[in-house]
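Structures are listed in the sections that come next.
Paired with chain B in one complex and with chain C in the other, chain A is shared by the two complexes that follow.
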Partner chain A sequence: MTPADLAWLPLAPILTPMGLGLLLLYPWRRPVRVGLAFAGALLTLLFAAGLVAATAGGTVLSSSLGGWPAPFGIVMVADRLAAWMSLLAALSGLLAVWQAAADPDPVREKHHFFALLFFLFTGVQMSFLTGDLFNLFVAFEVMLVASYALAVLGSTREQLREGFRYIVMNLVASALLVVTCGLAYGVLGTLNFAHLAQRSAELGPNTTVTAVGVLLLVVFAAKGALFPLGFWLPGTYPALPPAAGAFFAAVLTKVGIYALMRVFTTVFPQDPALPNTLLLGLGAVTMLFGAFGAVSQREWRRILSFTVISSVGYLAFGLGLGTPEALRASVAYLAVSVLVTAALFAIAAVAERAAGSRLVRMRGMLDFLPLLAGCFLLCALTVAGLPPTGGFVAKYALVRAGLAQGSPLALVAVVSALLASLVLLYAMLSVWRGFFWGRHLLTFPVYRVPLGLRGVAYTATALVAGLTLFAGPLFGWAEATARELRQPEGYIRGVLGTDPVVIPPPPTLPEEP
Partner chain B sequence: MTPRPRDPQGPAPAPLTGDPILRSTSRAVFALVLLFAFLLLWRGHNAPGGGFIAGLMTASALLLHRIAYGSSALRTDPVRLIPWGLALSFTTGLVPYLLGKPFLKSDYGYITTAITGEFEWATALLFDLGVFLIVVGGSLTIAYALTDVEPQETVEGDE
Partner chain C sequence: MEPLFALIIGLLVAAGVFLLLSRVIVRVVLGLSFIAYAANLAILTVAGLRDVSPPLLTLPGPYTDPLPQALILTAIVIGFATTALLLTVALRAYQVAGHDDVAAFGDNLARDPDAQDGSFADPEHQSPDRPDVEDEEADPAPTGGRP
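Showing the complex of A and B:
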């Protein structure tokens, strides 16, 4: 199969959730709705897996909308990184749908919870697969509009208060993104990633291009919740209904990280000094901020939200190191972080349901939920980065890359990474001590949790364990992805072809008779 | 979302409702604005115009009607237009995709009739129509929601 035969494929994971989301707007009965949602999530997963298989050999698939060719029309592009992110998002999406199906919520579902979830999937998939800076903004908006609606759906007091912060923060970041798109177009005359990469390579290191890059960094840092811009996250995610919260936590911050990776490896790799310094510094602070935040909290999902922030810090650190090994470790850590977050939020949903409270201090739940305790232990060790987990492998690779890079700032960041891991371990152990360990007080009732809901937690943990077992192939894939990202030529050739782009002359006006 | 049951007196009428000058001029202006909106929609796939701007103009015409008469000229809840418009646009894009052409690819051709002469039709017009419905539905929903605000509403958890 040539790339031209598969040109339809990058659109499939976007169109499937979009079409299913539209179908879900119709007021079906609940079993039909759940069936449709499962079918949609599975199909998306299937197409995303197809993308991973198709790009595994280094092919770059490109699919133009409306048949307009690359630098002029909008294209959807799948290379290894995009396909990989698409797969991870589809997997978390399936888990979220499962969780929502196992946990009926008549009020929210009446107001199109499932449809909104699918529009959210659409936006996320489009952010990963787009090959155009302005279209990236559109994808962000699709994703954010759906997430705003999900954030306030149900209108509890907490949701409205936290949702407001979330909306304001993201609106400001989006406005800045549009402005930056305008600047990029003004400087380079194009918004297509491949064409931007080509033109910025022709320009060489250029202060204006770097300035545009730094503006993009600020925008994506806000989306990805890097330190000073991530204050909205720990309040927003716990306020969401559990299924939506799990997907938000697992994937939405990673969209920002993906955009950072795309922009600073494929598009603007010429002048990495300033963005890398910023990413390293912010990443080092973010991990510590997340780790200490996790220690300071008493509620399940608040603690976990802070661990999400911390994982974003690790990713920014890996990206900021700028060496091939660090990039490889970041790509691997990305997968670990998405899956472990999805698993931990699923575990938290079960735990909150069983204890009938959001608080961690319940004591002695080990007797009632032994398997869940096992799952939590594995995920906790993964988050803290201890052996024998995939988290250890990925963090070890990150730290080694940091030591190998060896600049003073990198060493400071390495120290901060190790310290943050320790603090995270303490936070996770205090959850373990508070919730699972000790003697259960008879005054607290223990509720039954439906098997479906527990099944999500077990499956997600099994996936995390799978990452540990298949760390070798995972790192092989990450290695290939990092290599591809270091050489944007392949991406450019896949999108624009081998011929140089010719801008046609402006059309001459017909002569007035 | 279903509309809230209105309170029996209804929301306070706009201050200009019932103004005879506004009523008589708004009738003509309403028709003119709608005509222009449809012209923009019609030529939008090939010339300046399109579903978005036509939808905005239609929405403003309907708002003018609402201000002048105090009631909506639409017989349905505008929210209902949004999914239908979205479905129409999406399907227009999906058909060529399922036929193995690029997503959103537009087909077009020419029809010559005695009255209009040669004119170009394009499936992009259906896409534009979908956008039109979304914009009319969306902007009217927002505008009507703003005119119906009841400041005494409470949410779960309020004391």
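Showing the complex of A and C:
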């Protein structure tokens, strides 16, 4: 099929969760609601997989909203990276729906928990698939408004505190994004990613364009929780209900990283020195911050939230190196990080339920939940980056790319990456020692966990293990993605076509009769 | 014209940041609104302030560029929604705590997760002015398909 036949496909993963979200606003009985949610999540996953299959050959799919041609109207674009992110988000979404279905929460579900979850999926998919800077802002807002509502849904005092901080932080970042959109339009006269790329290439290295790029870096660093701007994250995610928290942790920070990748490889690749230095430095600090933060905590999901921060640091490091190998390793690590975070949060939900406490203090759970202990060990090794896991393969590729690049800052970042891995290993092992290992004290009761909830953790871990087994094809895909990102011409051609863009002359006044 | 606008934008942002750093929740909300207005003005300014016709074909050209105005309109609509949501959160905080200081949210430092803090502040809106509870009682058949 030609790209024109498949032009509807980039819209499908956005419109499916949106429609389902609207449907779920009706107060159905719980089984109907859960069935609808599962159907919606599966359908989104199917469309996202279709996108990956359609873009595997290097095709760039583009659908113009309302039939307005590319630089004038809004387009939804799917290239390899966008399709890949869409698939990962859909997969985490399915796991989150499963977790929510297995863990009934009548108060929150009465207040449209499932509908908000689907609006969140809509925003996330739209952020990955949009081909327009201002539309990216709109997608962020759709995603964030749903996430604000999910963050405070239930109104525990903790949720209100953390939710308020999260909302204020993101609103300030959004205001900055709006200003940056305006600046980009003022400098380059367009907001379409492909057209921006074309015009900034014509302009060559330009300090004003670099300034716009750095402003975007600040915005996406706030959304992606890079070091000085990520303070809201470790408080917010543990305050969420477990299912929503798992999806937030797995995907929402990666939206910021995706936007950084898109902006600094496709849109503004001309003058990479300053953004790359910033990304390398911030990434190096972020991974250490996350690792040491993880050591300092005693609660399951607080520890895991800090590991999320650490993984963002590794991704920024890979992006900041700016070499093809580093980009390839980052794309592969992105997949590992999304899936392992989803798996670890699912494991944490089971562990918290079994122990009846959010603290890691149980000891001896190996006797009660042996399979969960195995899952945790695999995920912990993946986070720390030890063989034989996909985390090791991806981190090894990152470190090797850092050594190959060889600038002093890159070497510092490599040292920081290795140190952070070591500290993360210590943090994960102290969770292992504090929860699974040792002798169980009879004073602490162990609660039964429904099989559905345990199933999420097992399935997610199976996906993480699958990444290890299929690391070869994963790196093949990452290689192709990185190659495509290095050559924005394909993306530009896919969106704008081969003809040069002609801005029509202003219309003349119709003749007076 | 541009220097004047730059000055106004700077003033708005300064006022916004000042209010944002306040301890009173409503002032934080107002500060965010100021920053959003400054952002909208900034878009209008960078796209070019010119003394030309509005983009309507019935008027003689040259026309002003309608796109920045469309962007601002979108940003205003979104800002309206987020401000409403933020005010709702602020109201809930007030209902839970009875005052509108940031301390209403409790202290994040050195918190004990097993303390009362982590539990539901109220199952069905036990606030200083308990309006929602009466609503619930007035409606004996609650919506929603709970078994």
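Some observations on this one:
Everything that follows uses one rule, which is that the second predicted complex is superposed on the first by the 510 of 513 C-alpha atoms of A that agree within 3 Å, B and C clash if a C-alpha of one lies under 4 Å from a C-alpha of the other, contacts with A are read in each partner's own complex, and residues count from 1 in each chain.
Criterion: a contact is a pair of C-beta atoms (placed from the backbone, for glycine too) under 8 Å apart; a residue touches a chain by one contact, two chains touch by 3 or more.
In this text the structure is predicted, and so the values were computed from the model without any measurement.
Once the two complexes are laid over each other on the shared chain, residue contacts for A:15 go to chain B alone; chain C is not touched.
Residue contacts after overlaying the shared chain place A:25 against chain B, while chain C stays out of touching range. In the superposition on chain A, A:155 makes contact with both chain B and chain C. Of the two partners chain B and chain C, it is C that touches the larger number of chain A residues. Using the contact criterion defined above for the overlaid structures, shared-chain residue A:411 touches neither chain B nor chain C, since it reaches no partner.
When both complexes are overlaid on chain A, the residue A:66 reaches chain B alone and has no touch with chain C. Touched by chain B in one complex and by chain C in the other are residues 155-158, 160 of chain A.
The residues of chain C lying in touch with chain A in their complex are 20, 25, 28, 32, 35-36, 38-40, 42-43, 46-48, 57, 60-63, 67-68, 71, 74-75, 78, 81-82, 85-86, 89-90, 92-93, 96-97, 104-106, 108, 113-114, 117-123, 125, 142-147.
Listing the residues of chain A that touch chain B in their complex gives 7-8, 11, 15, 18-19, 22, 25-26, 63-67, 111, 155-158, 160. Of all residues in chain A, only 27-30, 32-33, 106-107, 109-110, 134, 137-138, 141, 144-145, 148-149, 152, 154-158, 160-164, 167-168, 171-172, 174-176, 178-179, 181-183, 185-187, 235, 299, 357-359, 506-510 touch chain C in the complex they form.
Chain B meets chain A in the complex at residues 1, 83, 86-87, 90, 94, 97, 100-106, 155-158.
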